[in-house]
Amino acid sequence: MIRLNCDYLEGCHPAILRKLTETNMEQTVGYGMDPYCDQAAALLRETFACPEAAVHFLVGGTQANTTVIAAALRPYEGVLCAETGHINVHETGAIESSGHKCLALPHKNGKITAEQVAAAVAAQGNDEHIVKPGMVYISLSTELGTLYTLSELQAMYRTCQQLGLYLFIDGARLGYALTAPACDLTPADLAKCCDVFTVGGTKVGALFGEAVIINHPELNRNFRYMIKQRGGMLAKGRLLGIQFAALMEDGLYFTIARKAVEQALRIREALMNKGIPLFIDSPTNQQYPIFTKAQLAVLSQQFDLALWEPVDADRDAMRVCTSWATPDEYVDAFIAAVEGL
Amino acid sequence: MIRLNCDYLEGCHPAILRKLTETNMEQTVGYGMDPYCDQAAALLRETFACPEAAVHFLVGGTQANTTVIAAALRPYEGVLCAETGHINVHETGAIESSGHKCLALPHKNGKITAEQVAAAVAAQGNDEHIVKPGMVYISLSTELGTLYTLSELQAMYRTCQQLGLYLFIDGARLGYALTAPACDLTPADLAKCCDVFTVGGTKVGALFGEAVIINHPELNRNFRYMIKQRGGMLAKGRLLGIQFAALMEDGLYFTIARKAVEQALRIREALMNKGIPLFIDSPTNQQYPIFTKAQLAVLSQQFDLALWEPVDADRDAMRVCTSWATPDEYVDAFIAAVEGL
Amino acid sequence: MIRLNCDYLEGCHPAILRKLTETNMEQTVGYGMDPYCDQAAALLRETFACPEAAVHFLVGGTQANTTVIAAALRPYEGVLCAETGHINVHETGAIESSGHKCLALPHKNGKITAEQVAAAVAAQGNDEHIVKPGMVYISLSTELGTLYTLSELQAMYRTCQQLGLYLFIDGARLGYALTAPACDLTPADLAKCCDVFTVGGTKVGALFGEAVIINHPELNRNFRYMIKQRGGMLAKGRLLGIQFAALMEDGLYFTIARKAVEQALRIREALMNKGIPLFIDSPTNQQYPIFTKAQLAVLSQQFDLALWEPVDADRDAMRVCTSWATPDEYVDAFIAAVEGL
Amino acid sequence: MIRLNCDYLEGCHPAILRKLTETNMEQTVGYGMDPYCDQAAALLRETFACPEAAVHFLVGGTQANTTVIAAALRPYEGVLCAETGHINVHETGAIESSGHKCLALPHKNGKITAEQVAAAVAAQGNDEHIVKPGMVYISLSTELGTLYTLSELQAMYRTCQQLGLYLFIDGARLGYALTAPACDLTPADLAKCCDVFTVGGTKVGALFGEAVIINHPELNRNFRYMIKQRGGMLAKGRLLGIQFAALMEDGLYFTIARKAVEQALRIREALMNKGIPLFIDSPTNQQYPIFTKAQLAVLSQQFDLALWEPVDADRDAMRVCTSWATPDEYVDAFIAAVEGL
């Protein structure tokens, strides 16, 4: 059985495992104050061309999102996001659990616009009976695999700055976004266009872990207290430092992500050639073909795909993922199966 | 200037003021354990034909809503409500502030259906990554002045019971609902069709205060701790007992509410006679005419109405309210003005 | 039965009731934006000689404390207080419910010192694993009826300012503090020595309500959002404005408080003359005599006192309160009973 | 430089690293639903002789503590603990951040008694103005390295059951407790004497991770929602399953812990032989000698110890830790240094 339903099915890139093994019996201080975290932070600052940014390593995405948002907002503030945003639909109310409302906006292909943000702020009208927007959360790539363009991102950030909102980019799949041929953003562009972003490790080669990169000094004030309180601080923090250092060294993070995107685009091409409709036209590692039940009956003998959303009585939108770990044989086999439908 | 923009512009019904004055220098124990609260609770149980129910008096609607919901839900549970629900839009995120997500559903005239509730529970699918619905919140009358019918309410409660959800009815304007000619619910029906409901004082003759009536014993367990913690417990609790006793004695609550609804329906008739379109067709004390800017320019010289929602460049939906305190002269004057438009 | 166990047993001062009655049918805007709130705020600013301060009216003490503290602190910050502090022991964890730890310090007669605060901050040592002190909470008079002197308060505020802590004075019984002969603080002194304080209405002549007076502009930012979210905002806000205006006019607040303190000090003198030991030597309206069970058996036939704390098998410390509402006859009767023991 | 200041300075036991390496490229479902988690859970149930218990794997101790406590308590309930308890002093208010008060009791050697618990419940007296105790939290070994005896634990659990409190044992250092010669508890005893306990991985051979073992079915209801919401759920959950399976296989967990305790007891003996006083007499892997500054000046040239608490101007209590990773040479060297003082 070949699993293509998810991009975090395997362990980690061998380079990480090697480094973890080599350093295993070293003694280091805990909680992310070790030399490996310093090294990884330096590499991230360099990679994203943000020499002044603060870099923190958290154990996972839920903690990263909750911690960043809780650090940014006052109790009466909420976070604007797409109704499809991960924080709005797939974190069991973790944001609300920290006291803040997700202010969900209608999405288009998983994206929201600067105009929507401005309209939402205007509609709130500084009325103290209504939750005040304090931050905008977007994902790159989005939960639907789509991308913001540079000009969209610049417009969003300009709007946020004008309106006094923080802009937060959830980069759980950042590697698969920045390496997509359709992406016109460089790492440096990204860092310049937001107050805080994450660089996802879990889905792009690490065992676990998210780097949080903060450009806005006020947001960084006492941020480590927030990490500790919200459960995001790892006792053996170096494990995160080692992993991100390995990923950032010589651009490994992007190399492995680019490969996965290429595989996904090969799949996309095969789907289109076969006339399989796409639920969403995604330029990244997640593809959303619409298959008939009959087609799925065939495919599911060999492949594990994720049900994304039923389309009608006879058809389902599925999610097909590649990742840093996907062997070319899996992709070849899936393409062959699609061609044979 | 005649204010018809709101139903809590004045103090309280003279019968309440009289009773407060008469009892002013009596010494009673605090926090709602006094004889007046006991008396008011007994009258409420009798009025709503729920002899086993627990009755609590809270200082206001936000506390009542927050306390009931926080008492009902586990941390990972949310409350289903209309997207227009008061808790979702006009309490500055008080529900989220207590850790719970408002699971907003599309509304029709401010109402949601049992089918929507069942579909929402099915969609969540007991997936631990998604907030679990634990309660349904509806308002009677709704934020748009509309009513649930007995059969709608029965269907909703049946669905809730089948799905293990609490049903909570926010009765901030309960008097104006139950006395509307279009309402086919008796007070006893209401109490039989939910786990908990409030009887609003603030908008129906009291200075302030909401009675919370709990039918479900589990929900009532240690409820007074919740009231105290969430700030809903009044030190001089008797003030609430005295007010609700006065309102419930000889049906005063319904007498004054019925009068206000009659006034509102006279206004409604005048609007319809004049051909003024209604934004929502409300059978209760809140009316939502759509006026042109020109009409508003005339009316606003004499009347203070509430802007509900802009309709188009030239027209606004307004809210016109009557209340227990509205003099007939105000209604006559407004009708005359409408006729003269 | 004469109740001397509590200082909020009755309704309100007749002047308030009169004013409520006179204004009852006036129409005003809600939520504290009415002319009566403006008038009361102006009178408070004048009384406390703080022309720049922001004044808000909240429905009760729990809301006032929770709202002020939640507005002041970041999520990882806590509030230093005496272990006897109201917020630490008698609000059902309302502060913790809003996410903040009460950092309780050992008290002496209900008081804490600037030295203790400085030591607590030093002990925390800006270690991100430990809750960071962000505010100091003291009560005036304290929960044990005692007073801070001007120099103690100045030292506390100086320390707070040096350490970047807000200083919050809970004035639930402020009237009884400032009018005590032993008090060397003027209202103006008080306002100058803290960032925020409350002026308690509930215990000093009002039906309910606390004024929150904020000197520190940053703490006041968007404070009304906080009030609304935490349930402290009264729909018919003018009820609070009317009450505080009545209390502040011509110094009524202080006149009635002074009378109560004089009564309490007469009781104190009688107790001392009789050789009854005092659990705490309180200069304000709360007295804490230690009676034997035999003495209590006699007194309890005529008087309702509050058990404060058992002292040993044979003796209990009791609380005896006077208030703005206590008739001289009650005091005379109690003194006679003490003399007759 | 030899570090003996902490028991989580290294990576993980080689057996774990080996297993992680072997399984690295396997594809498994996420979030702890994989076969390795099943296997580890089965081994834990067997090891602790609790075949009916639920077993969950969380990423770290803060999440484990916060999740268990938030799952157990109603909003108005607090958790009784020693004032030295980890949750009370070293988690940046994570418990309060979830809305619950730590009800700290005076400790003796880091321990609290059943009598203290009973007295605290009696003192609360079911008064709704006071936080209600809902759970007891103890640590084994404690934060001071000490142990509860079987009879102490039985008495505590009996008291908890009588009073309707959950008993939670934080086993961050459980291995070092259960393998101490002074410990009269078996793993089965432990599991029988509480409602929920954790088996710490981070400090006993794992890279990270805590197993939460729940005996009380009600506490387990929807627990996975709680884990997800609070950030304790690992996407690649198998990493935890693999680690705990490796640790539990053939008793590795206890073998490595026993070795560390033996090392610590050798150090203890050397300290006592040398006449170095002990701040706490600990029978486990943490030792607390009191050294003079002069002695520390010597030792610190070669060893990194942790300052526990200054004792007086000339002396400091230090913490010396061994762990599963401590080489005998380090212990020998430290003993030699102590003997040479």
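Labels A, B, C and D are assigned to the chains in the order they are written; within every chain, residues are numbered from 1.
Quick note on the criterion: a residue touches a chain if its C-beta (ideal position, glycine included) is under 8 Å from a C-beta of that chain, and two chains touch if they have at least 3 such contacts.
Note that this is a predicted model, so its numbers are computed, not measured.
Engineer: Which is the least count of steps on a path of touching chains running from subunit A to subunit C?
Structural biologist: Tracing touching chains, the least step count from subunit A to subunit C comes to 1.
Engineer: Sort out for me whether B-C or B-D is joined by the greater number of C-beta contact pairs.
Structural biologist: B-C
Engineer: Between subunit A and subunit B, what's the gap in Å when you average each chain's C-alpha atoms?
Structural biologist: Computed from C-alpha means, the inter-chain centre distance equals 42 Å.
Engineer: Could you tell me the distance, in whole angstrom, between the mean C-alpha positions of subunit B and subunit D?
Structural biologist: 50
Engineer: Centroid from C-alpha atoms only, then distance subunit B to subunit C, rounded to Å. What do you get?
Structural biologist: Between these chains, centre-to-centre, one finds 34 Å.
Engineer: At least two partner chains per residue is the criterion; list those residues in subunit C.
Structural biologist: Counting only residues that touch two or more other chains, subunit C contributes 75-76, 91-93, 97-99, 128-129, 225, 228-229.
Engineer: List the residues on subunit B that touch subunit A in their complex, please.
Structural biologist: Where subunit B meets subunit A, its residues are 75-76, 78, 89-93, 96-102, 128-131.
Engineer: Give the list of subunit A residues in touch with subunit D in this complex.
Structural biologist: For subunit A paired with subunit D, touching residues are 3, 6, 8-12, 14, 17, 20-21, 23-30, 59-63, 66, 91-94, 97-98, 202-203, 207-208, 225, 228-236, 239, 325.
Engineer: Can you check the complex and tell me which residues of subunit C touch subunit A?
Structural biologist: For this pair, the touching residues of subunit C are 70-71, 74-76, 98-99, 128-129, 132, 222, 224-229.
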